[in-house]
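First the structure, which I've put down as structure tokens, then a few questions once you've had a look.
Chains here go by letter, A, B, C and D, matching the order in which they are written, and residues are numbered from 1 within each.
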Amino acid sequence: MSAQIVQTEPAGPSVDQRTGWTGWLGSLVGWRRLVVLASLGLVVLSLTRVITGANDIDSSGALAAALALAAPIALAGLGGLWSERAGVVNIGLEGMMILGTWGAAFFASNYGPWAGLLGAILMGAVGGAVHALATVVFGVDHIISGVALNLLGLGAASYLAVRTFEGTGGTQSPSLPELPRITISGLSDWLGEIEQGRTFLVADVASVLRALVTNLSVVTVLVVGLLVLSWWIIWRTSFGLRLRSCGESPTAAETLGVNVYRYKFIAVVISGGLAGLGGGFLAMVASNLYREGQTGGRGYIGLAAMIFGNWRPGGLAAGAGLFGYSDAIYLRGGGDVIHAFLLPFSVFLLLWGAWALWRRRQGKRVVGLVSVLIAIGVFAWFALTSIFPRELTGMTPYLATLIVLAFASQRLRMPKADGVVYRKGEAS
Amino acid sequence: ACGSDTPAATPGAGNTGTGGAPAAEQLKVGMAYDVGGRGDQSFNDAAAAGLDKAKAELNLDSKEAVAQNGEAESAREERLQQLIDAGYTNIVAVGFAYAQSVAKVAGENPDVKFALIDSTDAKGDNIENVTFAEHEGSFLVGAAAALKTKTNVIGFVGGVETPLIKKFEAGYIAGAKAVKSDIDIKVQYLTQPPDFSGFGDVAKGKAAAEGMYQANADIVYHAAGGSGGGVFQAAKAANKLAIGVDADQALTADAAVRDVILTSMIKKVDVGVYDFIKSIADDKFTAGEKSFDLEAGGVDYSTTGGKIDDIKAQLDDYKQKIISGEITVPTTP
Amino acid sequence: MGEPVVELHGITKRFPGVVANKDIELTVHRGTVHAIVGENGAGKSTLMKILYGVQQPDEGTISVEGRARQLKSPADAIDAGIGMVFQHFQLADNFTVLENVVLGAEKLHGIGEGARRKVKEISDAYGLDLDPDVLVEHLGVGAQQRVEILKVLYRGARIIILDEPTAVLVPQEVDELFDNLRELKAEGLTVIFISHKLDEVLSVADAITVIRRGTTVAEVAPRDVTARDLAELMVGSELPSPSTEESTVTDVPLLSVESTSLDNPLGGRPLLTDVNLTIHSGEIVGIAGVEGNGQDELVEVVMGMREPTSGRILLGDVDTSSWHTREIREAGIGYIPADRHRHGLLLEAPLWENVVLGHQTEPVYVTGPGGTLINGAAARQEAEAVVEQYDVRTPSINVTAGSLSGGNQQKLIIGREMRREPKVLVAAHPTRGVDVGAQAAIWDHIKQARRAGLGVLLISADLEELVGLSDSIHVILRGRLTGQFDPDRVTKEELGAAMTGATATEGAA
Amino acid sequence: MTSRFDLRRMGMALSAPVLAIIVAVLVTSAILVAAGDPVGEVWGTILSVPRPRVVVAIINAAIVYYISAVAVAIGFRMNLFNIGVDGQYRIAAFAAAVVAGEGWLPGPLNILLGLVVAMLAGGLWAGIAGLLKVYRGVSEVISTIMLNAIATVLVAFLLRKVAPQTGSNIVSTKPLPESSHVSGLPLIPGVSREVYGLIILAVLIGVVYWFILGKTRFGFDLRATGRSESAAVASGVKVKRMVLMSMILSGVVAGLVGMPLLFGQDYAYGTTFQPGLGFAGIAIALLGRNHPVGIVFAAFLWAFLDQQSNALQITAGVSDRLVLIIQGVIVLSVVIAYEVIRRLNVRIEQRRVAQALATQAADVKEGAPA
């Protein structure tokens, strides 16, 4: 890949010997760590909500919107995960997503909503197959092929749309039939009442649950299912083992009789299918029609979510969730919510700075001091204003992602042979 | 589907025109649409309706071309020039994005006549600037919202935060405040220029409107082009109301959501386009600004669905006050 | 001797412009260790890859256990009961031992508990001492090789190919490996074994095939030949022998490492602890050690690629411990890295650019105001000189470094460093994977420079080389220098013991 | 021998794009036929000899594309994927427009000031991604995607703050003083349209790019790092510094992308200022193989297709989005053709090496017995 993660430290024998609670957290495996982090997050949200009175911070509506906005990003990211785990960088997710939006619209309007979903997957998979053909069979640089796919995807979808949705001028499709949504109304109402109670933590748990039982699209459930399923297939089955081996060391895989080309090809096609489904989600769940420009760069965001999530399903779900949440907050006019977040952010900065100062490591001093100063500044901002300027709320999703990344430890580990063009017979 | 989208303008349009006269020289009209083009169920469609009406009445040959997102200035120039080269010497440039290119191409082609919609930035002897008083129309639907709200909270969703859309917002707020000075108005824009995806991102429109409804708003007005579909969906899901824009959306929107549309702020781009073509056919073209305001019937509110029949009198009262100049509607919020 | 299990007839393999194998005849009998020897590029690996199905022969037949076989891929070879350990290990670093072992053979025992049990069972049975759940990247080379062998055994291979398995092992590990081989042999397995270390070959093999320029030139029994005979069969002519010379050591210290330690940034045991050593003008100081005991880190600290946590590096009497690599190189330290592909060369760049690499600021190579421009003409001239003086076999200096054979790549690196007449040379494995002829030439160059006052820090896994070249030898173990030896008196066994920490070493210096 | 070698290489270098274009035409034609669109008219339109005014438009578009592609290429040469050129040039154009719009300095000096401000702004914005990468290990792929979006919001916000209230529907910075317009060059006879005067800027950037990369020590270090980071480190390159420097440099050049538009056409930064040039730059850089001359051809090809396809809707009645398909197919087929030809070259080179070695060996044998 032309874009590699510069390893900031030379790889040595990495013995995990971190201390304190971060060490304990690190020692938790996958989903358990996720659960702990999520609970922690909820407590922080709840505290912030109670202190600042910004109730939309975790209202069931905000959470439901976050889920709906996160789902297509998660699908794109999951597509990226499949392909990159098999060693093929997929910057063409956006193009495959666009193909998916058209596929969903065309098939749904002709053969019904479920066919629409399949159509989205199919069209995305076609895009994936082209990428696979170029990168796996012809050994083309993965970035170049991905860039070409983004052009092709956009071009093909617009061109096809003009041909297939003639009545509407070609920039959008007629409205599409809907897929079922799940509402457990009794439970939803009851939880709604608890949520309105605004009690610390209780209301927050209720609103999380309410978001899950109110007007939840079956496709959203499918997305969650696909995340889990992908994890299971890639990390728990022999198929997945082989697939990952193609991303880590294709020559090793080859010498053990694994048909590397085949696995890479399959992975990239699946990747395309998932990204296509992400497009389908946009066309059929998030809205009810195909529209040119509908994906709005979500393929790239999905890619970012996957890198954010360290090439793991849980991580990418967190990345997509973070993004979907901040997007939801912004779209819901969350000037007050964003303002409320200044409080925990300043507290976090203060703790971070204090910790850095306390450790007294050389060079950390300055970092610590600066953090504390910024923390004070942020707190002052929080205290002296009552709302975040509306014109700037639009940058929240992006800024939040950058800030989290800047503070999160960057122990990113991409598959070792990711982006490396593989040729058969090169084992030595 | 587009044929049925022609709003408001069709009544009276029969075959009474000069369609049959073979002797008359064919009028050649080139349409350069904004992004979205014919079929966007909104702004461009309204312009297309004007063309269609003229076609039905006049001996007309037309050519249409549409802009792409994020295109170069030169692409717009080239589009206009291509139309001229192909012999279409009466050009309708739909949307303010064409201002610069119209100025340039009009200068180079003094014999070609231009109608530039929504902009007064390009002036010339052969340019008619067709503008609309969106703020005045928006004032009326703002007043309607304020009169109809039960929660005293209403909303506005703008597609992209441009001065044009802010004009809608300003009028809406003024109208609502004129009725109830203490009314709470939520305002949200979906994207910032040059990211114009806010006019086509239904998902975002939906999320924004949802937020407003959940924050107790019961009526949301949108000036968000295609994203407005999401606003209607959210209204439907929340069992609340929405206000359409540009066309009478209770007629043009997706059938499933038409019943949530309280009223629409109609911007009669079709009339503007039709008038331009007609003026050329009649050899009465005049350059300069042609403002389609409330008085000229260029903007209005719609009554389809009968949801505002009870307040029609009050709205018409406001209308008269605006026309008479008693009320001056601001153009910026 | 058992019946023939592998019979290769008339194997020919042509690569573009090269005939790697030509009419090869090879018969291997059951229950034997069969060695294959030959120069670099003779075609040994190619032949083995053909037998393992990685590559397909252009001509010739293969039969395994009496049956003619078409080996289209490694899968076919595995099917036929063949397993191969490659010259460069084929392991996924980020996989556990278990994952590496079961990959491709999931059908046998699944990928879960059953497989884990089986892995433990084999590991115990052969004393491989491997934990199935450890990540391979945390293993040393020796253990990695045992994983490779475990992979082969797990698949129930009856014929095992080992391509240069001992290149990276210390004597004790070699002995363990050979013990294992004998055990396998006793169970009726067949081993095909490639090595450049002819003594080893003689000690372990039951039969030896010599390949020269792609063809089999002889099959001999180990008891009938000496190492020298073998070498001459390989090369087809007589060889110069490495000779020790009288000491040129002076008392002018060039490079001193003083109480230097280096912490592991990821926590855990320090990578280097209190290292002290001095290199004088005209002295070659050898470092012996099992790979992964801090040699790389020592080199990186000396070369300024890492800053020591404590201690000082002195060049003459200037403290250079906080200097950057470039400044250190400018001060006259030459560097031959252990991994030429990763650290020594730009494989896609032409030779003349590679000659500049590492010397970008040398006055010869720069021009313009403040030396900000690269002088292409001078670089080409120097490259021609390197090629000429160091016998780099290449058609021109405009071909890419990647298209040279390993030995010639190494000569290029040595030439580019020596031509700059360094005061000190840090040489890590200067002759690894290089055939005997080229090896002798490289040694000669180093010795010549030593006579002129060069000080050398020599790191090598080849004990022969260490003993033959060094004026003194330090053993490095877990990041500490644990003993100093006089190369004239120490035996390989003593060194080996010290390297593995098997003895409490008190230097015999 | 060298000359024959070079001739062959040139032949190879040319055959790849030609082959690729043929493939692209075939594939696109197949799509057109399948969709039932008029193949002849489409190609007739796209491949027609452009009118003089279109030639000017092509040159102008190519100028802007070229700068953008060079910005991207600087990153690629370092294995950095700067997706952020888009945001960088918009921030830069805005900053330059604001400063130059004030007209503090007279005529040409004001232009120069604008260019410097643009370079600073672009460099700073890219520098954020560089800093995040070097000090926090944040992948530049993510950070530049995020920074693009942040730039959009930030510029829109600031633009509203500084824009004079004109009642226009286009929000713009204060227009440049007349004296700061860079007059166009009447290179093409027969039209009133002119080529951007800042074509000089593009040429200069190309030459400087070629010079720095190919001739200087800095360029040597940069290329070395791109080819093998580990080898570069061992050779004494300070990789972190290189990452930061090349990211900033990429941003500096990105900052200049909008300058021909600003000083030669729009004379202000407004909401209709062309977005998306950074993304085109990625494809063009890749197509031109990050080579200063290669990118010239790629930029012209891209601009040619873009401009020629403008007429598709009007003359052939086909969506001009078709051009995206053509461009995508061209990118793919060009790289595939290059790859095929590269492999051929490697083989030939290996054969040459082997042959030369064989003769050397023979010489040795025949000469003195070693």
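Simple rule for what comes next: contacts are C-beta pairs under 8 Å (C-beta built on N, C-alpha and C of every residue); 3 or more make two chains touch, one makes a residue touch a chain.
Quick caveat, the model's predicted, so the values are computed rather than measured.
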item: Contact-graph separation of chain A and chain D, given in steps at minimum; value: 1
item: Most remote chain, CA-based centroid, reference being chain C; value: B
item: Top chain pair, ranked by number of contacting C-beta pairs; value: A-D
item: Whole-Å separation of chain centres (CA-atom averages), chain C against chain D; value: 44
item: Whole-Å gap separating chain B and chain D, where each centre is the average of the chain's CA atoms; value: 38
item: Centroid distance [mean C-alpha coordinates] between chain B and chain A, Å; value: 37
item: Residues of chain A touching at least two other chains; value: 170, 391, 394
item: For chain D, residues contacting two or more additional chains; value: 149, 152-153, 156-157, 160, 321
item: Residue list for chain C, restricted to those that touch at least two other chains; value: 305
item: Touching pairs - complete list by chain label; value: A-B, A-C, A-D, B-D, C-D
item: In the complex, chain D residues that touch chain A; value: 31, 35-36, 76, 79-81, 83, 132-134, 136-143, 145-147, 149-150, 152-154, 156-157, 160, 229, 239-240, 243, 282-283, 286, 319, 321-329, 331-332, 335-336, 339-340
item: Residues on chain D engaged by chain B in the complex (per definition of touch); value: 53-54, 57, 60-61, 90, 149, 152-153, 155-157, 160, 165, 167-171, 192, 261, 265-266, 271-276, 306-307, 310-311, 313-315, 320-321
item: Contact set on chain A toward chain B in their complex; value: 56, 59, 61-62, 65, 68-69, 72, 165, 167-172, 174-175, 215, 282, 286-289, 291-294, 296, 327-328, 331-334, 390-391, 394
item: Chain C contact footprint on chain D (complex, rising order); value: 215-221, 223-224, 227-228, 230-231, 233-238, 346-357, 360, 369-370
item: Residues of chain C touching chain D in the complex; value: 15-18, 237, 303-305, 324-330, 335, 337, 339, 342-349, 353, 356-361, 366, 368, 371-374, 376, 393-395, 399-400, 403-404
